[in-house]
């Protein structure tokens, strides 16, 4: 009885929090609720027996996204104050008095509920005992080179998806750099010795943690993405504390770091093609080693990309 | 701990999707919209994982898990790109209200100041 | 087949890492893809449909790539237009040597190559989720390219486009989830085999179609296209109008005719027909009222897309099937080339006159004769005058419509071509008017005009080579 | 690809290639352009002569190209097409010569001559097309290639005229496309055959065939300038003289008339059309146009507008000939296709000379023009008298056969129309002749140029004189073996059987 | 031999045509002008020699294009004489004319047309020659170039055109009915009903039949004297020839034609007298006299229409009358010149004698060609049914009286008075006039059948019946002369020349709201309303539509609307697919 109760409350809280986050009158509070929602979702993934995803969701889904949105909010507030000269008033909530707006809002609400009903009707009609691809995946697991089924799917069975996905990552950072020039957070370490000393041992710890996660990914929940997320966290901390500025001065190195994931994966695919005649078809038996190499490269570029996403633009003074 | 009931989380996911879409369309502030998109994404991923749980033979179906992981990464990229773009647009809006708009909004595209997205 | 994807992807990464040699990377990728496409065409023509199991695992678990007639044609088309745009973009970007121009050029090449990768992936893949990732890649690249212009309108349009693209993709993804829940696979062929009628797949198809209609900018949801295509840089708007928007339509074709053909009922098909007809009329009327050339061309895209959606109602019947399928897709190809040519010409005009307000563009024929000629030829193909590709496509659609007894299709096609003639004539009359001194300030490098003319000639030539295209399209078509 | 189909292709490509090359010639290379033009025209003449002889001896010419599956793009030379292709080639040669002289120092000549040759290629294509689809393709190509000629001057009026022209012709083209598509869906690919191809459908699709005929007539009627659809022709008079002569005598309007003849004889077949009961309304429409055109011409003071309206009425003679059942009327109609071409082109050359040499555009300014330009006005007079139908000139021959055909077919009202039209022709041509010959010339012409020894540029003079001579030849030697009439009798014999 | 005779017929027609063309060659112009009278020589020789089988044809035609038959020979005879005399006369007359070349050009072309018309063997040749003569004669009428000539010319040309068109249509009907183009075999087949009225009216215009004649009194005086002589003498006969050739007079009774011919003929005769007397210009008087004379000939044809079997005699009578009228009228017209030019008493008395002779002949005084013609005609009156014969018996003499009255008027106007001395009158007018006069007196008798009539004519009662109309006419003339003194007003104001024509002209003016053509200088109305107006209307409408479209478009852009539309589409799709599902 207890687990149902637990799930029920979790679901209810998630839905309520989602509504609050998006329709809260005060934007700042909304963002905070959004981050909380992220964490709760991580809990939900655990309940749904998806540890890999819980890790990723916590680190990337709520952590990084929350940080990005917060910094964006702060930037916008500062610019609005500078421009309009009046204190950052409470953003007008959804209940503006304009009658036409209300009408369309009510209509949209009704339509959304109707959509939800249809979706529910369809979802509930799904067969209770759907077979899914678990059986095939487990059958093919031994010669996939890794024991963690999720990593096997990610980097072997559907390696093509992951290739494109890392491409998306690179594209995102290229897009962001094309759009804006990054703004350095103003923190100056000299006044904050405590922070400096904390960072001095936290950052290496995080780096080692990322490496561990990468290694363990082959057999247990973990892998390139989760490791990358950890690395990104470390990078964000470095940026916040102003340490990262020196690191990012040499453009070429940073850019290579970003593209190493795609390059290695692409080249590996090409070599595999030459070797076995199939795109991304690892030579029999060596799959594990290939996957590790690819994952390592992916780890570096994911970490760097997600970290620089926080910067919100291309580094460098030009 | 016995498995959670997949249908419950499926419905939760669909609910999140609906709420996200509603807010995306209703809200005018860019950040709220971006958050709405994230919530919609999470809703879909919740649905995916609920389906994965349905076929929990020895373990939940790893394929949806991989898909969701890819989805999450794509969502983050989307959010990063959206925020950068929203920032540039908001910067445009901000210095437009100031007396010297550097480039008058051209009449053709008829973009209302308040509806930025 | 795999060279089509790895080539541009690796080139994009390299173009980003070594910005100076961006253009070199683009030409390299063009070479690789060109060879791959040609060999693929020969293989398809020789041995029929080519398929490839990525990383060797096969359908349910792994991802399949398949190149049938339609896919090969679209890949060739993408290659052709990408090469033309690459040729055009080099001088276009180096117009002014201001810092933003250099900045723009640095980021143009990687984004272009990413777009190319996404398109190739989209046309080859048989896996619904993989198509989702390809769609996302396509969306981001397009948005980034639109935003590259840097001006206010471009940014606003890019943001609106991003929101539409993301929400549409999520609709699509939820649809994929439901399909996976129902058939435990995301491969098109297997879904077709296991597709039991039922609420799940009904809603799934509705979701996916809803998403893709928004991405393909069909009539009611077309609002984001004109500002985006009009304010983007010329080569970008050419790519967007010609290919990116068609990608979503291609996916719809796959869904409705290969994955879930059982749902292709006259009622649903007629809805598409109605929306298509409305798109043609609404797009053309708006094109007539625009005062800027690029907006006119963008609305013309909205109109021409309407024609493509006429394929659905015509595919229901038995004997109209061939004409509809081949006609629609020939029209897609001809429109792609013609529209690219027109946008490139618009770029030339913008470059030469500094603005594209149609009323003040008198004398295009004297100042830019080659561009005027290209514009004329593209116009001929858009309006569907013989012997252009547009004519062949419209002819096949028209005869299919008449053979099916669907009279309203014939009426819509004719009215559409007349309206198209009207807004093309608006521009052409300006072309022949005597040039007002002072309108044309800057010379336009010949390569830019040459590429536009080449594509316009392809658009017209496509009509003459109609039977070759139809034979290719017919290969591996979606019928029992 | 035997030699026969090569000559066929050669006829088509000779003007196409010259056109394309001229497009890319620099504006200054006058000599090369003139030589290219004349070379193209000359080559075409030779090839057409060879074709003519071949068809006369009964050889069959055919060339086809698979445009779309089940939809060949086919060229063929039967008696009917030879008539039109010979007319357009001969007249094109002289129009080119005339145009070179006329546009001596005006801008954009490369563009002009490029489109000029494209236009003739389209006309040749229309003439030589062996099935309805090829006809449609070249028909639309004609619209596209003539538009830049109409707006060549670029003035506001020219653009306005061009817009009207394009609206009419594109509307017509769209309707024709619908009709062709509809017929294809009923009867599959429609080759041009002597007695028509719709025999099979006569019983089952009677009503549809009638509607289809109406669509065809509207579609092609626009170019043949039948009464309600003729609005564009006077407006297109803003074009320079060689273009308006091209529009009237050689290409556009003739293509329309030829189209109607093709539809009536080679798609429907005369007997079938009569049985469907579609010919009388066509005859009435043609009759109305004949009278309406002449009446309008009466009130036009601008010379070229008057000639335009006269063309509107004259072309409907051809349509009338096609609309009356019986070989005689057919002969009358078809031979008028040639005669009207010769007559009208001479008139336009004359009008062009007056405009170019003396700068006069209005009939009221034509006093005493006979004294200043005696040879041109002589040619103009011959053509005007021919147009009225004064024997022994060309116009009389066609009117004679038309009225004979009408009387044998029993519709006497046609003779009334022909009589009225001749009177009206007289009413608007004779005053011009009177002014030219009998009234004293003004002291100073509006914009006089002197061209040395001859009254005007030798090219501007040679063209009208030659065409006037052709008019006389076609009239006086009508009954002889080498005349348009003889060839038309050959066609009528084949169409109406022994 | 045959080739020579065949070429003679071609020569007769070709010489004037070729000479006309030669006029355009500057060096030979003077020579051609002098040789103009000779142009008629070959025709004259052909007429007198009357070689058998004078046929000429184009190589690719089977039937003869030019052919001389009996009727043609008579016509050719008096026409060639008339052209010879007028051509000779014109040489002197046009000495001081500003633009003689143009006159000769049209004169020669008219001559070629006239001869061609007479010799034509098939319908197209006939119609070609007829049209050529029509247009060329219009040139002659326009020749003087002043407003009067222009007005006359315009009306003449208009009517000539109408005539030609009617004739063409009529001929087409004939050819179709007879299924041949050669005139000889034309009437063997069925008589085509619709052709008759057309041919009647067509040739009626040329012959100046009643209601179709009003161009004649305007055109003949406007043309120079030699031209009007030819016009009144030869060209007017072309209409007559047309009737003879193309109406099936000899084959079948045509009551309808008979009545029209006689009615119109008599009407024309009396109208001619009534209006002719009131005219001040001698040439107009002669024109009206031509109308009445042609009226009398028409009555002859009317008789033939009633009694086809009497066609042979009637034809002979008609030919005699036509020849007589041609020559007499020609000499009267040519006499005007010498009458003006007579200076010495001898010249005046000589001209007076000539005038008297010609006038009496025309009036039909006994022993003159006129009397001969009239008796020939009267002899045939007997063929008519009872009532008609009586009426004609009375009316014909009255018509002759009318002619005498007109002749008296003419003589009174033209008589060479001593005081009146013309300025330097042109020389060389005498000989051609006298020659024509001699031809008139002698010519008629040479005609076949004329001699048989002579004895009958000399019988006393015939003498009296020929004389009393003359005396009656003379008495009327004397009475009129006296009345003239009291009533000084100019009668012609009430009865203007061209009577009906003036009425029609004014009617046309009002109808077409156009100022008379002569000063038509303003810009013609273009056929569509001012384009600017239509443009403005259209653009205002378009602007409103455009703004409506743009604001709908912008409203579509708002996100809430997008949301609603999107969800509706999704719902619609689900509903359609669901319905399809079951």
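In order of appearance the chains are A, B, C, D and E, and numbering begins at 1 in each one.
The working rule: a residue touches a chain if its C-beta (ideal position, glycine included) is under 8 Å from a C-beta of that chain, and two chains touch if they have at least 3 such contacts.
The structure presented is a predicted model; accordingly, all values stated were derived computationally and were not measured.
S.K.: Tell me, which chains sit next to both chain D and chain E?
M.R.: In this structure, the chains that contact chain E and also chain D are C.
S.K.: Suppose every chain is reduced to the average of its Cα atoms; which one is closest to the average of all protein Cα atoms?
M.R.: When every chain is reduced to its C-alpha mean, the one closest to the whole-protein mean is D.
S.K.: If you average the Cα atoms per chain, which one ends up farthest from chain C?
M.R.: Ranked by distance of C-alpha centres from chain C, the top chain is E.
S.K.: Between A-B and B-E, flag the pair that has more C-beta pairs in contact.
M.R.: Higher contact count goes to A-B.
S.K.: As a test of understanding: of all chains, whose mean C-alpha position lies farthest from that of chain B?
M.R.: Result for max centroid distance from chain B is chain E.
S.K.: Please work out the Cα centroid separation of chain A and chain D, and write it as a whole number of Å.
M.R.: 74
S.K.: With chain centres defined as C-alpha means, what is the inter-centre distance between chain A and chain C in Å?
M.R.: That gives a centre separation of 31 Å.
S.K.: What whole-number Å value describes the gap between the mean CA coordinates of chain B and chain D?
M.R.: 67
S.K.: Mind checking the centre-to-centre distance between chain C and chain D? Centres are C-alpha means, answer in whole Å.
M.R.: Comparing mean C-alpha positions, chain D is 43 Å from chain C.
S.K.: Two or more other chains touching the same residue: where does that happen in chain A?
M.R.: 105, 108, 112, 115, 118-119, 123, 126, 130-133, 137, 153, 157-158, 161, 165, 168, 171-172, 175, 179
S.K.: Where in chain B do residues touch two or more other chains at once?
M.R.: 14, 17, 20-22, 24-26, 47, 51, 54-55, 63-64, 67, 70, 74, 77-78, 81, 85-86, 88, 111, 117 - these are the residues of chain B that touch more than one other chain.
S.K.: Spell out, as numbers or ranges, the residues of chain C touching 2 or more other chains.
M.R.: Counting only residues that touch two or more other chains, chain C contributes 61, 129, 133, 136, 140, 143-144, 147, 174, 181, 184, 198-199, 202-203, 206-207.
S.K.: I'd like to see which chains touch which, written out pair by pair.
M.R.: After working through each pair, the chains in contact turn out to be A-B, A-C, A-E, B-C, B-E, C-D, C-E, D-E.
S.K.: If you look only at chain C, which of its residues touch chain A in the complex?
M.R.: Against chain A, the touching part of chain C is residues 1-2, 5-6, 9-10, 12-14, 16-17, 52-57, 60-63, 65, 99, 103, 107, 110-111, 114, 117, 121, 127, 129-130, 133-134, 136-137, 140-141, 143-144, 147-148, 174, 178, 181-182, 184-185, 198-200, 202-204, 206-207.
S.K.: Quick one: which bits of chain A touch chain E in the complex? Just the residue numbers, please.
M.R.: Contact set of chain A toward chain E: 101, 104-105, 107-108, 111-112, 114-115, 118.
S.K.: Going by the contact rule set out above, which residues of chain D touch chain C in the complex?
M.R.: 23, 65-69, 71, 73, 108, 111, 136-138, 140-141, 143-144, 147-148, 151-152, 154-156, 158-159, 162-163, 166, 170-171, 173-175, 177-178, 181-182, 184-185
S.K.: Mind listing the chain D positions that touch chain E in their complex?
M.R.: 160, 231, 234, 296, 299-302, 305, 309, 362-364, 385, 388-392, 396, 399-400, 403-404, 407-408, 412, 415-416, 418-419, 422-423, 426-427, 430-431, 434, 437-438, 479-481
S.K.: Give the list of chain E residues in touch with chain C in this complex.
M.R.: Within the complex, chain E contacts chain C at residues 545-546, 549-550, 553, 556-557, 562, 565-566, 569-570, 572-574, 576-582.
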